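Please go over the structures that come below.
Two complexes follow with chain A in common, the first pairing it with chain B and the second with chain C.
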Partner chain A sequence: MVRIYNTLKRISKNVILRRFIKSIFTIFVVVSLTFFIIRLMPSNPIQIYINQLISQYGMTYKEAEALAASLFSIDLKKPLILQYFDFLKNLFRGDLGISFLSRGTKVTSIIKEFLPWTLFSVGVSLLISFTLGIIIGMFIAYKRGSSIDVIITSIASILSSIPNYLIGIMILVFVGVQWKLIPIEAMRGSLSPGVKPGFTWTFIKDVFFHASMPILTYVISTIGGWILTMKSSTLSTLGEDYVMVAKARGLKESRITFSYVGRNAILPLFTSLTISLGFIVGGSVLIESIFVYKGIGWVLWSSISSRDYPVMQGVFLIITVSVIMANLLADLLYSRLDPRIRITGGE
Partner chain B sequence: MENILKIEDLYIEYKARRGLVKAVRGVDLDLYKGETLAVIGESGSGKTTLGLSIIKLLPSSARISQGKIWYQGNGKKYEIVSLDNSRLRKFRWKEIAMVFQSALNAFNPVIKIWDHIVDTAESHDIKMTREELRVKVLELLRLVQLDPERVLKSYPHELSGGMRQRVLIALALLLDPQIIILDEPTTALDILSQRSILELLKKIKEKLNLSIILISHDLSLAAELADRVAVMYAGSLVEVGSVYDIFYKPLHPYTMGLIRAVPTVTASMRELISIPGSPPDLINLPEGCKFHPRCEYKIEECLKEEPKLIKASYNHYTACIRWENIRNGKNN
Partner chain C sequence: MDKKIRKIHLILGSLRDTFRLLKRNKVGFAGFIILIFIILMSFIGPYIVPFDTTSRLDKIYVKPSWEHPLGTDSQGRDILAQIVHGGRDVLVVAFLTGFLSTLIAISLGSLSAFIGGRFDSMITSLADIVLTIPHFPLLSVLAAFVKLKNPLMIAFILALLSWPGLLRAVRAQVLSLKERDFIEAARALDLGTPYIVFSEILPNMMNYIVISFILSMTSAVYAQVGLILLGLVPLATHNWGVMINFAWTRGAIFYKHSIYYILSPIFAISLFQWSLVSFTRSLEEIFNPRLGQGA
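Let's look at the complex of A and B:
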């Protein structure tokens, strides 16, 4: 008993370990809640499949029900709590179950197939958007009050207030359909048929070709926010005493800009960046559906519409894990970047 | 005596929504080599603006509308107001260093003290190896009575306010400047740290042949440290003289008011008298002498024209037309 108590005490003193355990617990709670909530959604996979069979093939309800029941190995009549324990048992073994609709396909292999596309498109856009955002934001902070500041600030405020799906729809409708500036149909999917993955120019070109519109949409919809936050952060840093003292010390302008202003101005943005990293995985259900970009968001969208519980559950799980882990990472890394914040025993 | 700094007819204005704030108006001032000159006055009298203008580090809303500042040291002669940015950068800290009142925030929070030292040295292309630089810094930090090894490894937030002020003073001495401007060096500190900074400044003054401009509203600090005192009111100098003349034989009603408003330990207990009224609005200044609305000596003539500094005795100047009455203790 004493030994267990001492071990627990040691664990509770190690902050990183404690945060980690807390995160695991949060993941468990979220996953459990999701399990019940998605089963509270109206209708169920069998019902939706039956309706599909009836409307598509003109079957009678009886025929459709018989067909559906034989196809699905799931027992929805089993008490919910027992289903939940089954689910947990499998989860601990790393088994996320089998998709209801794409029969026999493991949820893990669905995720493995679709996740990289989302990671790629959202990751690249985050990189572009963040880098451009902080450069432009800092630039207009230095040019405060000039006409270029007024113009960029207004554009950034407008962009940051438009939801990304509206931007996506506008690109699709105007650039793609009305003006026909881009071959919108050929851009569907995440890869053209017949292109072999590999480190070849054709492959890389094709990947960017298909991801270009989602990336453009993400960048347009997020860059305004980065610009505005970086601008205000830079402005408040420029007013700090140490910047004035640095000028009095006769430091080189470049040194002041990067190590004194930039380094400090970027600190508050760093937390948002790490949290955005967590959301890379979730991608955007709406953007991927609008451009039929086959990433994890698109999988989530189609699994929701067919109530494919295991797939939904699996996608929600990885989104949850990555968001929570990103938050953990933000906490741990922030103390590395800002010496004033040191993680100590107390909270 | 040889003057190292000469301020000539300096005017500085701030742009504000209500109009132009005339922060410095027609200041003429000399700083002699090796002396300590205190500039004293109330908050808002323009003394910090004057200090900043000497290294041309005014905020963007400020403008030097007239005047010249001559610097002569290290065998070089400059006019500071007309220096371009790159020469100004090399001039700052190398020739004139400034210790700010807000030493608490004077250091970049994300880099260590040693990196501040290196930054400063590198920006001025100091011909020293890292090791030589280190030796010099250790000596300076010992001079300001700090534990050098520990301080160099610290981040700014790991040091107390008094320690940071000492580090800033040591940093100011790094490039062997000819002049150090101390802007309220003790204001942000508790009374014990104030005392030890004062002792430290005295020691530095004796040890190094520096010219010091001390900007302060703390009369006791000025009295202990300064050789000469310049009293500033509403952007102008109203009295300039030796520290003895200013504190024992003041010839301007404002200086007298300032001294009466401060408690002393040595003098017998007497009532503290504050100066009636409040400092003037620097946008709409009164006609004539700017002090007349608060002055017990005013006569009709004071409302007509603003008096210039008048020589009252050797090295003692006052901007009061009634200085003779003040000297003779008569008010009629």
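Let's look at the complex of A and C:
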């Protein structure tokens, strides 16, 4: 008995499990929120769509209602709470309904088509800007007070305060239109017509060709933040006792820099990684719309402007779920990297 | 009467001290000056610079000159006048958002710390959820359902998303201050929770509050202009965001001569954001002088 109790207690104290349950709960809240927003708001999209069908196609109310219900995968005659359970059941089976605009296209297949491009461009950008930011931030922390530190710090603080979509527009205006360095029209979309996915050089080149401007925008707009946080984190690590001890022990400068200062200074940045990720994915709605890069953010924007509610609902859910999952992943990674979190739970 | 005068002197003296400390950090001071300038320009400027909305077809995309310091737009209207007139809305929404979200954070945060138990864990997990959901997609979806007509409405929705950061700080601070002697004393005097929070605890964490107020202003500007840019907010008035939206949707971005029309609002918004951020940096130094030497 006691043993079972102890095991249960250990499980409930398990950080990883607790994080996992928390993520599932957050997803559940978002799912419910989405359902009730759509059903309870003053401008209920299902009603709007029914009215539209009646006025445009001359359908009877019954026909229109049946069509709308089939598109949303919801039985509109049931009480709201039962509709909610149906909605959850459909969601669990991976059924997100059918698009209003292109009838017959499942929302899930739209997501499957567009999500990878966003994950790719956001992932690559995060990797580039995190790595570069850490290196530059550490470098200027070692050179603190020098003119290069002053210059880089001011540039970083300017870059980190400009909204990313304004940086995107500036890139578009200068690089694309004023200086004509890039063929901005040809770069639209996520892949050139005729290029087949596969492990070929043309495919990889084309993928980067189309993603380059969004990636550049994400990197420029986030790198300043990484540089500044890494600089201050390195500075505070440099003052730690163990660094002084390492110096006193006569360890090689490079060993101290990488194994003692670097490793410890990076740790706090992992928590910002999750925040930054959510922010970039959220901002992809704007950046992808500006460059007409056809990822999930662009789909969200175009479905909102064309009032394609099932797509809007499904895409919003998938964006949120991917951010929550990425958060969970970063949390787990962080607790792997920092043993202190694993033991105390980081609270 | 004498007491009052002394009090005014005291306030003036501390203001002078703050000003001196502010001047110590040059970048922060520049941010402060620019911030004041933008506020004055947006609220008083419209009374000085007239905005002529009639289109002048003979003056389309005129280059900057004495008459039109920033040139003219696609309908021959002065760009500088549009910049001067277009700041107020953006600033008002930012300020209202900062105010509302600070209000939510302070009241929920201190309540949560004082009541504790289930209420506390409910509020903290709510804060966690709001922090994890990507804000901009949520806002754009909401904009499809709620007509974001007036600034107060936009500010209210933005504030509903931007309180968790400060809430955590307020809660942690209240939890740690709660045990301190002067709070115990206040409790022993039976002064009541609201009194304790507002006159004993909050003054002790004014720095957090001011800084997060300003930071939530910057995220309000980001979200607001973003929504306007994508055309998800009804474009009733003329502001910086609407200018960018026009430039984008009407293809002015792709037209070589319209560069002043696009860059002016971008520059105005970026400058405002930068001035807010660098102002908080120097505020941080004022509140925590040790930081000054380190960074």
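Keep in mind that, in the parts below, the second predicted complex is superposed on the first by the 262 of 347 C-alpha atoms of A that agree within 3 Å, B and C clash if a C-alpha of one lies under 4 Å from a C-alpha of the other, contacts with A are read in each partner's own complex, and residues count from 1 in each chain.
The rule is short, and it goes like this: a contact is a pair of C-beta atoms (placed from the backbone, for glycine too) under 8 Å apart; a residue touches a chain by one contact, two chains touch by 3 or more.
Note that the structure is predicted; figures quoted are calculated from it, not measured.
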Superposed partners chain B and chain C on chain A - clash or fit: fit
Which superposed partner A:L166 touches (first chain B, second chain C, both, neither): second
Touched partner set for A:I158, first chain B, second chain C, both or neither: second
Partner chain(s) touched by A:V245 [first = chain B, second = chain C, both, neither]: first
Touched partner set for A:D331, first chain B, second chain C, both or neither: neither
Which superposed partner A:M312 touches (first chain B, second chain C, both, neither): second
Which superposed partner A:Q178 touches (first chain B, second chain C, both, neither): second
Touching partner for A:E63 - first (chain B), second (chain C), both, neither: neither
Comparing the two partners chain B and chain C, which touches a greater set of residues in chain A: C
First, second, both or neither for A:V30, with chain B first and chain C second: second
Which superposed partner A:E113 touches (first chain B, second chain C, both, neither): neither
Shortest CA-CA distance between chain B and chain C [superposed frame, angstrom]: 10
Chain B-facing residues of chain A, complex: 240-242, 244-253, 255, 259-260, 263-264, 267, 337-340
Residues of chain C that touch chain A when the two form their complex: 27, 125, 128-129, 131-138, 140-147, 218, 221-222, 225-226, 229-232, 244, 248, 253-256, 259, 262-263, 266, 269-270, 273-274, 276-278, 281, 294-295
Interface residues, chain B side, partner chain A - complex: 55, 57, 89-94, 97-98, 100, 102, 104-111, 119-120, 123-124, 155, 157, 168, 171
Partner chain C, residues of chain A touching it in the complex: 22, 25-26, 29-30, 34, 37-38, 41-43, 45, 154, 157-158, 160-163, 165-166, 169-170, 172-173, 177-178, 184, 231-232, 235-236, 275, 278-279, 281-283, 285-286, 289-290, 297, 300-301, 304-305, 307, 309, 312-313, 316, 319-320, 323-324, 327
